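Each structure below is given as structure tokens.
Each of the next two complexes has chain A plus one other chain: chain B in the first, chain C in the second.
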Partner chain A sequence: MAQPTQSEAKQIVDPGIEKGAAGLTEDRIQAVINHVIQNETGARLKVYVDTCVHCGLCSEACHYYLSHDKDPRYSPVGKVKQTLWEMLRRNGRVSVDFMRRAAEIAHTECNLCKRCAMYCPFGIDIAYLMLVVRRIVHLLGMTPQYIQDTAHSHAAVCNQMWVKPDEWPDTLQWQEEEARGEMPTLRIPLEKEGADIMYSVIGPEPKFQAQLIYQAAVIMNAAGADWTMPATAGWDNSDMAMFTGDNEVMGRIKRDHYETAARLRVKRIVMGECGHAFRSVYDVGNRWLGWRIPPIPIIHAIEFYHELITSGKIRVAKKFQTPVTIHDPCNVVRGGGLHHMARELAHALCEEVVEMYPNCEHNYCCCAGGGVINCGPPWKSKRIEGNRIKADQLADAKIRGAKVLIAPCHNCHSGLEDINHAYGLGMEIKFFGDILYEVMEKPEA
Partner chain B sequence: MHTIYEWVAGPLTWIAFLIFFGGLLYRLVRLVTLVRRKEPFIFTYMSLKYGLRSILHWSLPFGTVNWRLHPVLTIVTFAFHICLLAAPIFLMAHAILFKEAWGVGWPSLPDAVADGMTVVVIAGAIFFLVRRIVRPEVRFVTSASDYVLLAIVAAPFVTGFIAYHQFFAYRWMLVAHMVSGQIMLVAIPFTRLAHMLFAPLTRAYMGSEFGGVRRAIDW
Partner chain C sequence: MADVSGWDWEIGTKTMPFDAWKADFAWVEEPYVSPDGERIAAVVNIDEAQFSVCVNGQAWETVFDKAWYLRFAPDGRLCVLVSEDGEWTVAVDGETWPERYGYVWNTLFSADGAHIAVAAQQDMQYAMALDGVMWENRFLNMTHYVLSEDGRHSAGTVQVKETGEADIARFQAGCFSAALDGEAWDSVFTNVWHLALSADGSRLAAEVRRGLYDYTIAVDGRPWDRSFSSVWHPIFHPVSGVVIAPVRLDGKWTLAADGEPIWTQRFVQAWHQQVSPDGRRLGAIVSPRYGYWTLAVDGNPWRTAVNEMLIDLRFSPDGRRLAAAAKHDGRWTLLVDDRLWDLRLDQIRPPVFSPDGRLVATVVETGGRFGLAVDGRLIPGTYEALWQPVFSPDGDRVLVRGIADGIYRRQVLTTAQLLA
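Up next, the complex of A and B:
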């Protein structure tokens, strides 16, 4: 089943990286690197570099390292050596080729999943160090093309997928109309001030996964939730600028999101099944804007569905019969501790739950998150080769009976779909929302 | 010979300890100042409870997934670090020197035990050296400075071992032992050996982030 990884990856040309590299000089590179090191980093970078004893114990944490037959170039510390250590050692005086490789490492060989922080005895945050490299890459204008396009979209229309201001409410009304075929009284309340919940989604949902909005509307209506969705910008909780090192845009779109919720005077923001968006609104955007914790409580779909089931607002008509297994997304599990709730929810919805190992905080990454899948088609096969270990892990769960894989995160979902196909696993991948929608009692059905 | 001994055992030792403690204090003050100036949010997220929780797990042999993944390394690294700290502090000869100089004493280890611990440190250093050369993921990130640091740490134990057993050149070995010990003390605050000071802090911060914000464990 496991396909052999190529020992020498072929040179991948990314138009974004090349365009940026074309106009660079070593002087400019040095100026940018030293600007970032001196003005934008502080104690963490210094202590992490001064404390690392080069022991290599972080290696076993990384799915890239494990998937490439333990090639040391893919170990977490190996990536720091090939990027930041060299930059610091040469006082920022590195070549254009060096930066090309650094951009590739930081953007396509690390998912920022932070598993290595749990394997380093000192707790060195290598994901943070890779983000510093991405920041340098961003300021040099060398960000890979596809993810840069999503960052441009965030900057221009405040969502990830170039959804125009009129297309957004149109899509919601279209889904409302569709869903009324099933539930005649169903509403998707727009701009309802003072509602309990603002429901927010990521750009790809209106763009090409509108059925997820349909399902969420059915769940909300069946539960009798007092909810609303904004008709304006600020509806998108996703944030690729967070992963391109474009902190200014990242902060701006997070501010829009929180301010939209504040304008609607909602008590809390419930979000769809997305991991990186959870990270951006729960942990990153708030910090950039100066809040210790998010100004309005953020509830991930796992928590919300868990609440609906345990409070009895949604009842299960007949449990999901096919055996399932659970993928623990880094951003909601290592980043939000939702693995226990995910399991309780899975057991409440499904007849048989097969555990996949390693699990919970120690789960292997999907290899799509952290903006890696957003670097687009040029990097797709590299991404799939870089996660053979995940295919092995899934195959093991399948042997033990799991046929459906629950992945409560959009990036995980897409990345696992690629792995599923490439390695011929033949599993079906679902969101919790898909299963909840399928098994719940629908009052007016 | 006698004057060299006097000089090394007297003023040089004073200087080494002053640089050691002063250096550690300097690094700590610099770090706290830098955090206040550039990343004050670190204080906001630091949590005593979650920091200590994380340190505790990582301080227990086999207390974390990664320690369990590397059983031999775990045993060696714990034995190495415990002996590295305990042997010099509780060596009878050192305790006597301190009692003679300052009049303060503390319980000490029987010589045979301290001798055994010295062997553990030397064996551990050899293990780390071999691991650095043999394991590709370690070799890849190794530079000359890593070997130098290992030598700095091993030297006082090797010379101390030879001097204690009076294998050869006893007096010279005693001087070499003191000088190498002083080099180690001076090196600690200003090299990656500073992990003695920083490791608990970085671990505590990661533990705080995982416990307080991410509601997850980090071991």
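Up next, the complex of A and C:
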């Protein structure tokens, strides 16, 4: 492992972490840590802890480590060493200051992107270990303020953006009306029992990005899809509670999502271009509830758009002319294996696709996912500094001609916008849906 | 339940063209059929921003800017949420409620259909509107709406304090409560979810969270003495009035009544508990081992388990039989009395027992066509759309409501004919 060259970073005070720290005692910390270790983990944690040979090969995988001039404190193993190993070594007896730092590491220095798991000779899933730390942080009430607020939103209104129950169908009807200007017979069918598809999105779409719902509606209608959207809670597939370690709320969110689809008797769920939600619906949230696999099949927008293009249900009128490059989101690529499909889709839609390297499952993280961007403004600069390597990668793709960056994940999108601005890259960032909507043949108005 | 004895139970078929409507309107949305099968209806578009409802081929005279959530009440009245001049209300059989709202949604009916409730927003304040009358008290937000079986009482989770922007301490201290007929409980909680009303509508129970970790059930605002790491939807026992809810203890789920576990068995998951109509048996959907699902009755899991999903638990009217829709290896079927039907289908609807509990029927879907299945057998004939079968009170006849070849058919068959 290389030696640190960075000076100490400036202290960031997060009201959420401080609120939890204020009333903590070492006795309480020890009790919570040991409760989690003894009652909520098992063979998986033991195997990971016992197997690691401290070789440090995971270090080169981490964008934080690479962006901080190979400071070992930012290496994946370094983060485990500073958190979980120490908790285990001390039988949970750690200080409040230790937990402050553990909360910061787990929430703002690791995106849970799992790139390191591919570099570990034993495949140790360090993201899981960081999630165990986050669970402890949650039970100690030390979760950073902004992501905690998002988890509160999930708990209160079952979506991550405090969208009220009337605002949701009202927004869909507004977008339906808008889109009828382009396709006069277009519908966003609400609560249509027995439709083939339930289309689900994440909270920011009705809140800030309603045009994405508009585009999806045009695509669905042009493809002749038999689809519906729920008018009730369960419409939001996102899940920041998964990242705060609030497993109980995570379970509630996923139960609502799948039982809504079951109530509507759909054959499958198609989700928009979100990465973390994909992880929650096919891996983490469903399994906490006891559903080994998603009880209603669910596919990501990449898969759906690919299906529409390859089946001929959507035809490309004229390919997108500006050269594009593709960002591979961790959850749909390392987690879901959709990188080849994403490329086939990109080539079908775009005239020129410039690969950026490393790519596919080896791609660098956006540094926004895993709930890091949701920790909000206090951590923004740190997040951007922690992904200089991504800026270098994007700059290289730009030099080789790429002008548009396709990022099929909401968190990636937002995080890459920050990287784009902070490092002056001047790239335009789009979803696949933006491009598909732009290049597709649309029925005559 | 609506009284079905007055329906036309004469053996025979009545028909009504449905696809032909498409010639009269810009578009015709998905159809709905009245419980007695006498009427078929759909929201129709007449022109730009002009919507109406077509019933048996005849459009209502009233035209709306928008119309959605068309549903028949159990008594056969046809309800739809409509917008006129930027305001929303409910239209029932073509007549709108005189009251206007900022928005209305989530229509609820009493068991007999005599009462209709919706969630309503007016001037960014929230309340239930029962038969057009909005609660006097309005709230900052409202979720988890319920209407009592007799339709006289409505309730919802209500937000009684501002949460403040990203004010996590304030949120955790409690900003939510539950309101019955507009009167909020005195107590506030961090969260209040999934309400249940007692049979007479006088008592209200809900899942509550105090702080981030302390889950329990509150009844009429008072939490159970005991807390759990999580809970699910409570129900009132229809006979004893006891509140029963799934609770999570030491990482496993079981059922509790009035705060204490009542089943000794522990499950990976337990939810959708239901008391048999005679009040003697308690069933629930459970996961006895990770990834597998079955039903448990009085705590005892069945032997047959499926590996994907169980939903729609239903007791027979006599309480002796139990069934649920089951998904196994990617295909749907019914799980009835600890046995899976042999049928493997693309989709299935909830089980429907005959009044004597002898037969169980449902609508099934395969290859894009719908059919009727009874006791595990597919009945010949397929449809483009098919609604749940209804048994006559004596159980001798079945009402089948479906669309085939663009024609809506209301058929009454004897059960003997059906099974022949």
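Quick note on the criterion: the second predicted complex is superposed on the first by the 437 of 445 C-alpha atoms of A that agree within 3 Å, B and C clash if a C-alpha of one lies under 4 Å from a C-alpha of the other, contacts with A are read in each partner's own complex, and residues count from 1 in each chain.
Quick note on the criterion: a residue touches a chain if its C-beta (ideal position, glycine included) is under 8 Å from a C-beta of that chain, and two chains touch if they have at least 3 such contacts.
Being a predicted model, the structure only gives us computed values, none of them experimental.
In the superposition on chain A, A:N34 makes contact with neither chain B nor chain C.
Shared-chain residue A:G194: touches chain C; no touch with chain B.
Contacts of A:R292 after superposition on the shared chain: both chain B and chain C are touched. Judged by the touch definition given at the top, the superposed model places A:G78 against chain B, while chain C stays out of reach.
In the superposition on chain A, A:E361 makes contact with chain B only, while chain C stays out of contact range. In the overlay built on the shared chain, the residue A:Y119 is in contact with chain B alone; chain C does not reach it. Legend: residue contacts after superposition of the two complexes on their common chain; A:D246 is shown touching chain C, with no touch to chain B. By the touch criterion defined above, A:C52 reaches chain B but does not reach chain C. Touching of chain A by both chain B and chain C, each in its own complex, is seen for residues 292-293. Within the complex, the chain C residues that touch chain A are 26-27, 29-30, 45, 48-49, 66, 68-69, 102-103, 105-106, 119, 121, 126, 141-143, 159, 163, 166-169, 171-172, 176, 190-191, 193, 209, 212-213, 215, 229-230, 248, 250-251, 268-269, 271, 287, 290-291, 293, 307-309, 311, 327, 330, 346-347, 349, 365, 385.
Of all residues in chain B, only 31, 34-35, 37-39, 41-42, 44-45, 54, 58, 64-66, 69-70, 73, 135-143, 146, 149, 192, 194-195, 198-199, 201-207, 210, 213-219 touch chain A in the complex they form.
Interface of chain A with chain C (complex): residues 15-16, 19, 39-40, 138-139, 141, 145-146, 148-149, 152, 155-158, 164-166, 169-170, 173, 177, 180, 184-185, 187, 189-192, 194, 231-233, 246, 248, 251-252, 255, 258-259, 262, 265, 267, 289-293, 295-297, 376.
Within the complex formed with chain B, the residues of chain A that make contact are 41-44, 46-48, 50-57, 59-61, 65, 70, 72-73, 75, 77-78, 81, 117-119, 121-125, 283, 287, 292-293, 333-339, 358, 361-362.
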